[in-house]
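Order of writing sets the chain letters: A, B, C, D, E and F. Residues in each chain are counted from 1.
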Amino acid sequence: MSPSRISRFPVPDIEALPADIRQTILAVQEKAGFVPNVFLVLAHRPDEFRAFFAYHDALMEKEGGLSKAEREMIVVATSSANDCQYCVVAHGAILRIRAKHPLVADQVAVNYRKADITPRQKAMLDFAMTVATESGAVGEAHFETLRGHDFSDEDIWDIAAITALFALSNRMANVTAMRPNDEFYLMGREPMIAADNTQ
Amino acid sequence: MSPSRISRFPVPDIEALPADIRQTILAVQEKAGFVPNVFLVLAHRPDEFRAFFAYHDALMEKEGGLSKAEREMIVVATSSANDCQYCVVAHGAILRIRAKHPLVADQVAVNYRKADITPRQKAMLDFAMTVATESGAVGEAHFETLRGHDFSDEDIWDIAAITALFALSNRMANVTAMRPNDEFYLMGREPMIAADNTQ
Amino acid sequence: MSPSRISRFPVPDIEALPADIRQTILAVQEKAGFVPNVFLVLAHRPDEFRAFFAYHDALMEKEGGLSKAEREMIVVATSSANDCQYCVVAHGAILRIRAKHPLVADQVAVNYRKADITPRQKAMLDFAMTVATESGAVGEAHFETLRGHDFSDEDIWDIAAITALFALSNRMANVTAMRPNDEFYLMGREPMIAADNTQ
Amino acid sequence: MSPSRISRFPVPDIEALPADIRQTILAVQEKAGFVPNVFLVLAHRPDEFRAFFAYHDALMEKEGGLSKAEREMIVVATSSANDCQYCVVAHGAILRIRAKHPLVADQVAVNYRKADITPRQKAMLDFAMTVATESGAVGEAHFETLRGHDFSDEDIWDIAAITALFALSNRMANVTAMRPNDEFYLMGREPMIAADNTQ
Amino acid sequence: MSPSRISRFPVPDIEALPADIRQTILAVQEKAGFVPNVFLVLAHRPDEFRAFFAYHDALMEKEGGLSKAEREMIVVATSSANDCQYCVVAHGAILRIRAKHPLVADQVAVNYRKADITPRQKAMLDFAMTVATESGAVGEAHFETLRGHDFSDEDIWDIAAITALFALSNRMANVTAMRPNDEFYLMGREPMIAADNTQ
Amino acid sequence: MSPSRISRFPVPDIEALPADIRQTILAVQEKAGFVPNVFLVLAHRPDEFRAFFAYHDALMEKEGGLSKAEREMIVVATSSANDCQYCVVAHGAILRIRAKHPLVADQVAVNYRKADITPRQKAMLDFAMTVATESGAVGEAHFETLRGHDFSDEDIWDIAAITALFALSNRMANVTAMRPNDEFYLMGREPMIAADNTQ
């Protein structure tokens, strides 16, 4: 791959960043083996960077009623509805890893109604899609449906908040033309490779 | 007005909140004369509260190429497209005050194309609406149009980021059924009252 | 406010109008204290003016199953769906007065589902919105739902006909760029002012 | 054909109608050879009937820059966009007669862009469709385009007003389930029959 | 009528076509009295012509649970949703003939919900419209609804496949600007003419 | 992966199929190493199977102005617009192989405007998307734009016809709930694997 631009806006040099942001980025690099472009693109605005990742970690990293894989399903499904290349590719990779399922991300991205997920997860994504595309129509009936699938009200807040955060994220990625790192495309597809290689 | 519910979710008692959040809320109350409900509703989740207001202040309170009134125009126009009652009513009030114009908020909320704003401001809102409703279609041509109206690339980031933050905020307000405080409805309409009272 | 244009088309001089139209306009002025611009803009075509106000009065001024405030709710909700600045602002004022409720017009304009109105009124507006946006889909089921809320068939005709008349009116206001009079913005917000002034 | 219901609402007996309405209906019957159902269905509400036909005649029967066939094209194209069976069938018949063209009504109803009409007429229908479906977006550019096709501002008012009146009419026809008379389907197709019969 | 172009693309001379295609066309001409333009327009690509008509005959000419008139209803309703002038006009004619009903094609083209068809046929067209406009949302519930109207699973395949084939056909007709033959407009309206002529 | 259902309809046993269809399927299996499910699902209807693959081969396998990779881009982009899981996953694999580019399929599936493709290819996909979603609006201007990118009229037919064929295919895959074979997900991603393995 050629060294394509990763943003329509200037991308700061890591060395020139405020210390806390540089630390965050180096820690991610240490863990993932590369720096996901969202960190570099958003670092153009340090205060917004800090707020975004604080919000992100509050929703995506905590314990709670939704599994981490389920949170990533919400991101993939709604980001696809928003035509956000970065979020579908990057969070598709994370979903494959967290779900330990190499197919589910592509399935959810194209049509979650036919993905290898549970009816409860489909109800979760039905609601997330409503929040993503016509949140003004959300009413008590949506809460009742989700409660019928054993989601608590706190879970419902989580579904809505993750969808809302990525409504923000998708728009920033689309306007900055944020480019997904090449590394994401193959991540989490390894179980099938492994299986093939064991023969 | 009866003491209507302000959220579908539990609303914390101010006294029971973490000190930093309580301080934020008391400071707002001191300045505005009341506590806007968004502070109480989002305080249900302290970490998300902190991230949201950090993001908000980074975009809405700083200096920059967009006037504070213009930033509120973006909020009002895009929140109306998202059917968000809280944001249209609350930020409509702030827009009236910041623009010192008692009519502009209602005009922008219903149809910004016919509001008492400049052609440059209409171009700004055209772009904000594209980001709000089909951000995947944003391309170089949109940037060229805005540069032709003397918006810098940093201004364009601001327009996009404000739209994106309220894409998040509108969805949370719609899902929580966040109720606008009664106080907002009349705020900033005073110039006309003053005029009437001088007789 | 500057003396902005109130129409893209010529606005006749009141003195030059046919006597019946001049009389209508002077009577409204007498009652309201000003001439709502819709009278001046539509007077450009006297025959259409007469037909429009005859239709209007037949639906909005008569007795019947819908209260006058409810008829104005229909106008405000559907005119907002049609992005009609004149009708939302002018009929928002009338709604505030007829409902004796200073908040309801702004609530209905942004998202009637969350307005301070009864479930029966929400069902009324659900139907009005269907008539406004996809009348070809109206079927027996819609009638059954409304009958279940104690609307008679004559009431249903009224809801549909008011929606239909403002489908016409919204389009004329949008094409003529009909400007709402400044007076409308503050009308009917007085109860709150009064309350403040009593202290 | 069986005597199908022509309205969801009561249809008055002609003899029981107010004299002026009865006269109107008998005159139409005299001229057309049958009573178009719109007269019977709307006569359920005499005041609305009078206002509707006054409006209709002011726009459809007068002299002016648009030919009578062109006015019917507007009705057929926009009524098709509104899924209004009565108006497409009835005004399709009138269009065939007024245009002396047995094919044009079906062409315009399905896709006016490919009908046997002039580029000026296509520009007229482009505008009518915008007024029918998103009138809030009408702006100066639309006026300029139409003036470039030699439409006067009075013609533009006519295009808009006809579209607006049938926005009303389509909604009433859809809600009342107004049935087109069987006679309309074959009217104006005679030139082809005549041609066949001359052999 | 003038000899209008029937396609944006070259139309082959019948004599120059491969023998099998020429035979197909001459057979149709023999039966119908004219060559429907779809045969001439698609003959520009012989292999695609053969595949299209093989598909068409497999679905439209065989025996099965759907009557031939019902299959044409599906074509007319979904082709209207796709703004396809050729298919609505040509298959409208065939529908009139197969249903022996001179009104049904125009009714179905404008709004099938109000056509003179059975509730079972309306359910069939509800499903066809879903397949035409949002097939990704088709789920088990749609199958259950159709089974409740006594459609077998093979019938459901037929409804879907006919809709799918005309999704293809409508797009080719729209892109080639395929012109309906003048003959179609009056075909199948004869019962009414016959009735008139018996006097 | 568990042996999930590949169709809502019965899937024939290969041995029981007509000889020509069995031969086709065995030949594909020989070449690909597995039988893509579309062959098994559509074999439920042999005549439709034959017509579909004849059409497919006439468009996808011949020589012509569009490269084979470009034809697959059209399939992936428009199938994504139609929410068709089978076609996006299966043809995404073929696109990766034909383009020798492991990233392009996922990019095109989510947002072709930001894919690593040429401006000419973006113009091609702009047109394909118009044909997929609003073919009734296609006009001379679309042809001019494509000619400006050096597409011949025959190329334009190809773009339209491929889009049209997959409009059919997407609808059949969605209604049958056709399941993509697990093998497709990893196909064509090998260059990256190869690169990793060289270390």
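Going forward, a residue touches a chain if its C-beta (ideal position, glycine included) is under 8 Å from a C-beta of that chain, and two chains touch if they have at least 3 such contacts.
Because the structure is a prediction, the values reported are computed rather than measured.
Visitor: Could you work out how many touching-chain steps separate chain A from chain D at minimum?
Guide: Tracing touching chains, the least step count from chain A to chain D comes to 2.
Visitor: Which chain's centre, taken as the mean of its Cα atoms, is farthest from the centre of chain B?
Guide: The chain lying farthest from chain B is E.
Visitor: Compute the centre of every chain as the mean of its C-alpha atoms, then state which one is farthest from the centre of chain D.
Guide: If we average the C-alpha coordinates per chain, A ends up farthest from chain D.
Visitor: Measuring centre to centre with CA averages, how many angstrom lie between chain A and chain B?
Guide: So the centroids are 26 Å from each other.
Visitor: Using mean CA coordinates as chain centres, what's the gap between chain B and chain F in Å?
Guide: Chain centres of chain B and chain F, defined by C-alpha means, are spaced 45 Å apart.
Visitor: How many angstrom lie between the centres of chain A and chain F, each centre taken as the mean Cα position?
Guide: 27
Visitor: Indicate the residues of chain B shared as contacts by at least two other chains.
Guide: In chain B, the residues touching two or more other chains are 83-84, 111, 136-137, 174.
Visitor: Identify every two-chain combination in which the chains touch.
Guide: Those chain pairs which touch are A-B, A-C, A-E, A-F, B-C, B-D, B-F, C-D, C-E, D-E, D-F, E-F.
Visitor: So in the complex, which bits of chain E are touching chain C?
Guide: 111, 113
Visitor: Help me check something: in the complex, which residues belonging to chain F touch chain E?
Guide: Listed in rising order, the residues are 8-9, 44-45, 47-48, 50-52, 54-55, 58-59, 82-84, 131-132, 134-138, 143, 153, 156-157, 160-161, 163-165, 167-172, 174-176.
Visitor: Using the touch definition up top, name the residues of chain E that touch chain D in the complex.
Guide: Interface residues on the chain E side: 1, 4, 80, 83-85, 88-89, 92, 102-103, 106-107, 109-111, 114-116, 174, 177, 179, 182, 185-186, 189, 192-193.
Visitor: Which of the residues in chain F end up touching chain D in this complex?
Guide: Those in contact with chain D are residues 136-137, 139.
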